[in-house]
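These notes are about the structure you will find just below.
As written, the chain order gives the labels A, B, C and D, with residue 1 at the start of each chain.
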């Protein structure tokens, strides 16, 4: 490695992180990775937990660091992982988030219809691969789950992958929700491979229970905190209104990259072939959104300016949470109130509120079933192995309903 | 408060702790409290987690500190807690452990038959009360659950009392099992009172789930770690053998206090009336046991010296854990092996192993049912309120079996 | 306080922070304060320490929290602080940073000539005061050091003010430079007042030595890290070039607020009377700068586009540090190299490097002399009281020189 | 390594510690090392900082862990360290404290005249070496500073050795004096070798300044805290009185090991040849002292019983600290007061107080001069390299005087 390449990163969560090779250093320096340093990991949760300003960049590096530990553990237990595979694993986890939009999941479907960040991540990794002369071949194969050793993919994207281990300890650290932390290092020590699949040694069962419950805590306490949900819905409405105004011929201030996605109809279908879309995508980060919305506060459209003003100055939607869907008549009354108050149409009034099930798409308990390996070679799913966790719960999903609206 | 009375304690876990009053300062300085600074909180778990040398003294002060927070919260929510009640609560939680034997639970039944540390705690608090001119009257009433406001007792000894909140964060801190921590401060903020009973506000349900699962993790990972269990069984066998030898007329080195309990048959029945027993009890701490066993390493009795030697030099019993009881024939074989190896009797050979259910008496899930208070005034038990935790589990108990034995 | 006003903030550094009153809650919600949540505390140091994404908003709230502790301590020691004074102190420290430009100190003189952030802070506080019906009168008086009790001002801006205590523990926490932490709580416990001036009790002398040395460590290890300096110089050159191009009639993409400061010549002289300038100032934050520079990467001006590209993709200036000024001939050679390489003029070539003394203006050891109060009533300056710190050092200043330049 | 050998230790300070080899595991299991788990690292400082119950055992293992990091760093920088040397370094640092008496430095000269714990450590290492068939040969050579590569010894015992790095972060952690922490990991990364001597890279100068100031803070805030000094002097007087009584023919309760040192006159001269002394020494730990003093509370000798009672119940000597020695007449008055109060002789009265310079022998600033290596190959002492630290201070020593006495 060249002398002038900084080899150590100081991470408040994991301590000193050594960048394992020049290859990985060069990936970290790539513009697609540097862009992640301008996208916050938790998006609008920082309205609730103001310490959570950390970026997807540091998370990716942290996940890479945990991967080095996982590789060392698995090799120590007799699993053969070649240097090429190790390098592929590290590159795959390092790059696993480069397809994210600004403000993480919030804007995905607003900017690009049927957006799938894994699809775009793959597309971008393949572009880097071309630049780098094919050295990402193994990483791509692992990422796509086409690599023969299937368990390698599970370390990148699976029930206890390095992504989850890192984001839970990291988000717990920066939010100040200390009890949301997990025993990442202990869990990694208990990783093993059984039938080409990642499993956890039986003595790790309590750590896994704790991991599942801590994750659940973080979801409801932080990620899906009702105020964060309110802010997200507000942001979605602002961008949707901007797109609508734009479609009607109104000119809106925006950086060229943001302007592109506001004025064009891009979807998962036409994105991959659209070089201009890709070029604009990789320019886009949190700053474009924030910078534009501040300007929109003075826009002549009452809907856009009101929402922008409230968003920037943190006068967020009020939120109600319920176990059942809200009554349509309650929502209709709300709509009428805004029509009257702002002298706007029924369609325009819909921008001042939002309702629906809480992002249960983000939290899929189905995928959480984890294999536990006993000393006698037996394997059980965690839902069978644990006498504490509710089996049905692990194979079903929780839905809550929110109704959020502008307070007049 | 007098100038020369140190008013602040530096706690690595909770930060600066202010001692709230001269009355509490004087209690802390009482010999019964100072004795707790010579009894380790986790007893022999320090053989496994060498950072856990912390004492019951600091735990008691930590629990008192959390109680000041709990009182402030409950008062802020409109619950009337008088100064006398507050003082009583603080005194009761501060003194709640003074009846403990050395090495915590391990030696309870060995030193005093049918030992009940709450009974002795009460007896000792009443003695202090006499010395202090009756100022512990409210504390005693709360401790005995005779105080009219029943919920005050629950803060001292209940499902989410200050004892548990403190020991979980403290033991997690000193053991290095960081993921065993709980959101003590957050839980305290969600304490409320409903129908003269402590309840948790509904939004705290995830914190409570995490509390229950973290406690379970700490039990199996730390408190009931198989090596700690092995050490405890060894210690019990050593003391039991010492009592037996003593009964046979053998003289053993021991401090007078330890000697008293080795040579006399003290039980919960005769203890309270036996002033000599009480005087010796309050002299007894971890140092008496350790100091004596070191001397017994050179005793002529092969059983006592062998076990003492192994214990002091951390050559602990080997342990097997099983979900079902061990086969009597396996144990019989073991006995014969020791008879032969040491040329000893069948009865003597029993000292070289131990078997039984793992201290399920320490962990009683029945008592864990916690009241959740919803915004509409409804109250549910946590087992009903949580869709994640296994209802049956919360109302049953886990039993594991151990077999531990000297490795030859 | 109204129910819907969020009263507690979860700070990973200081734990739960209670907002002491509705008045302070309303200040926190003011747009001038919310803007600080879009300005990073450490600006470009995040290029070196990627954990330091925290904002001036959370720092301000942290400093307010420490102030509540300081007030409680001083009152407990018999100093009379009225409720109005306490409220003024809390408001003054909360608002002490609202006059900051984006990227903190870096852009101060580029955007506004002879910028003085304290002057602008005062101007903005006075505007809020009008809105709030004069309730900031005491805060302003303390902030301007016109309040009769002079020591109150020192808690807001002095040698050991709450600003410094908070930023040192906070920046240490987020950077991962744990050894840069200070005993903020311990120092606050040792605050006292002597002759209307803040002093430290003599037993706190070691904490103060540690505070001074930790601050020095943080300066050279973090704030003035050579890579951070390089990034800052690059950013200054980019904005200066943008202003120059603009003066020449070139149109540049920028948000209206940024555009205002790029196209107008604003200085400390004309700013206070210029309502348009003030309105644009309060719109400006980090996102405007970042968003614009990304667009400038494609600008036709070679100087602007090259620098913008390097800045965004973290190909920062290379830096040399020296104890003496760099040789003019070395710099001239450098200039010629860039002229040749880019086919540009001598004046244009100067944008590709920067040199000068390292921001010694940021670190003024003169101001660090702290009063130590002995038990006998005697007061000594820390430079006399400490036998460990170099007296001359404390009354002089360190200068280092940097030369940073684009690597071709 | 055998399966049943526990290979990982959970350290709350340093995280998971891997025991690097079976050889080191066997050393850890040796009775001389296990004894350190019964000797507190900070002795009586736990009377002031009740969290500091940690033992010399865990400190030794922590220092060994830091040594593995230091070896890796130095090797990565091109210094050849053979496997035998690495193993010797690890063994030497692991065993560096086995010659300590109970309660660390306090009792050294009381139990053994002219006690030198390094001499006894060496003697004990040599005994283990015999048991282990000479495998400690390199460790001994390094420990005695006879090994040809001189810099290896400095890692075990030098200005920035692994002993100091570990104890500072560890004692800071357990005391709760967080600001006493140092950048151990950062300092290790800056270790280098110049002219067969350990040096620190120039960019590490601020870390070293912080290390020296943090150490100073820990000395005055924790190690030499006046209450800890008071407790130590009390303990010394108790043991000295016990020896005196014993010399007069009085029988005292004590474990055989403690009894040996109370009744015999052992000095550095006769210890090494006295097998019985050595055998008793390795039996002795904190528990013998505590256990005996508790019994002495009831002794007929008024001096011994009074002091023992006050010690056990933490009614410690009151302390005055002064920059100059105390006036003999003040001390004489004190003596008379005790004579009268207890009706005792002048000689007996001396046990109720103590005075002298504060353990300046523990803190020798002379030894702190550390080599700084500049990029140009130049080496400076830290006193010359740092413009912040007082040169004279670094080459002189601070003396304070204490007078502590029983409060009647």
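Quick note on the criterion: a residue touches a chain if its C-beta (ideal position, glycine included) is under 8 Å from a C-beta of that chain, and two chains touch if they have at least 3 such contacts.
On a predicted model such as this, the values are computed, not experimentally measured, just so you know.
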Chain separated most widely from chain D, comparing mean CA positions: A
C-D or A-C, whichever has more C-beta pairs in contact: A-C
Chain B and chain C: spacing of chain centres that average the CA atoms, whole Å: 50
Gap in Å, rounded to a whole number, between the CA centres of chain C and chain A: 32
Between chain D and chain C, distance of the C-alpha-averaged centres to the nearest whole Å: 43
Contacts with 2+ other chains: residues of chain D: 15, 177, 186
List of chain D residues in touch with chain C within their complex: 177-183, 186, 206-207, 209-210, 213-214, 216-217, 220-221, 386-391, 393, 398
In the complex with chain B, residue positions of chain C that touch it: 8, 15-16, 185-186, 189
Touching residues (chain side chain C, partner chain A) in the complex: 4, 6, 9-13, 15, 29, 31, 34, 37-38, 40, 46, 49-51, 53-55, 57-58, 61, 173-177, 227, 253, 255-257, 283, 285-288, 290-292, 294-295, 312-315, 318
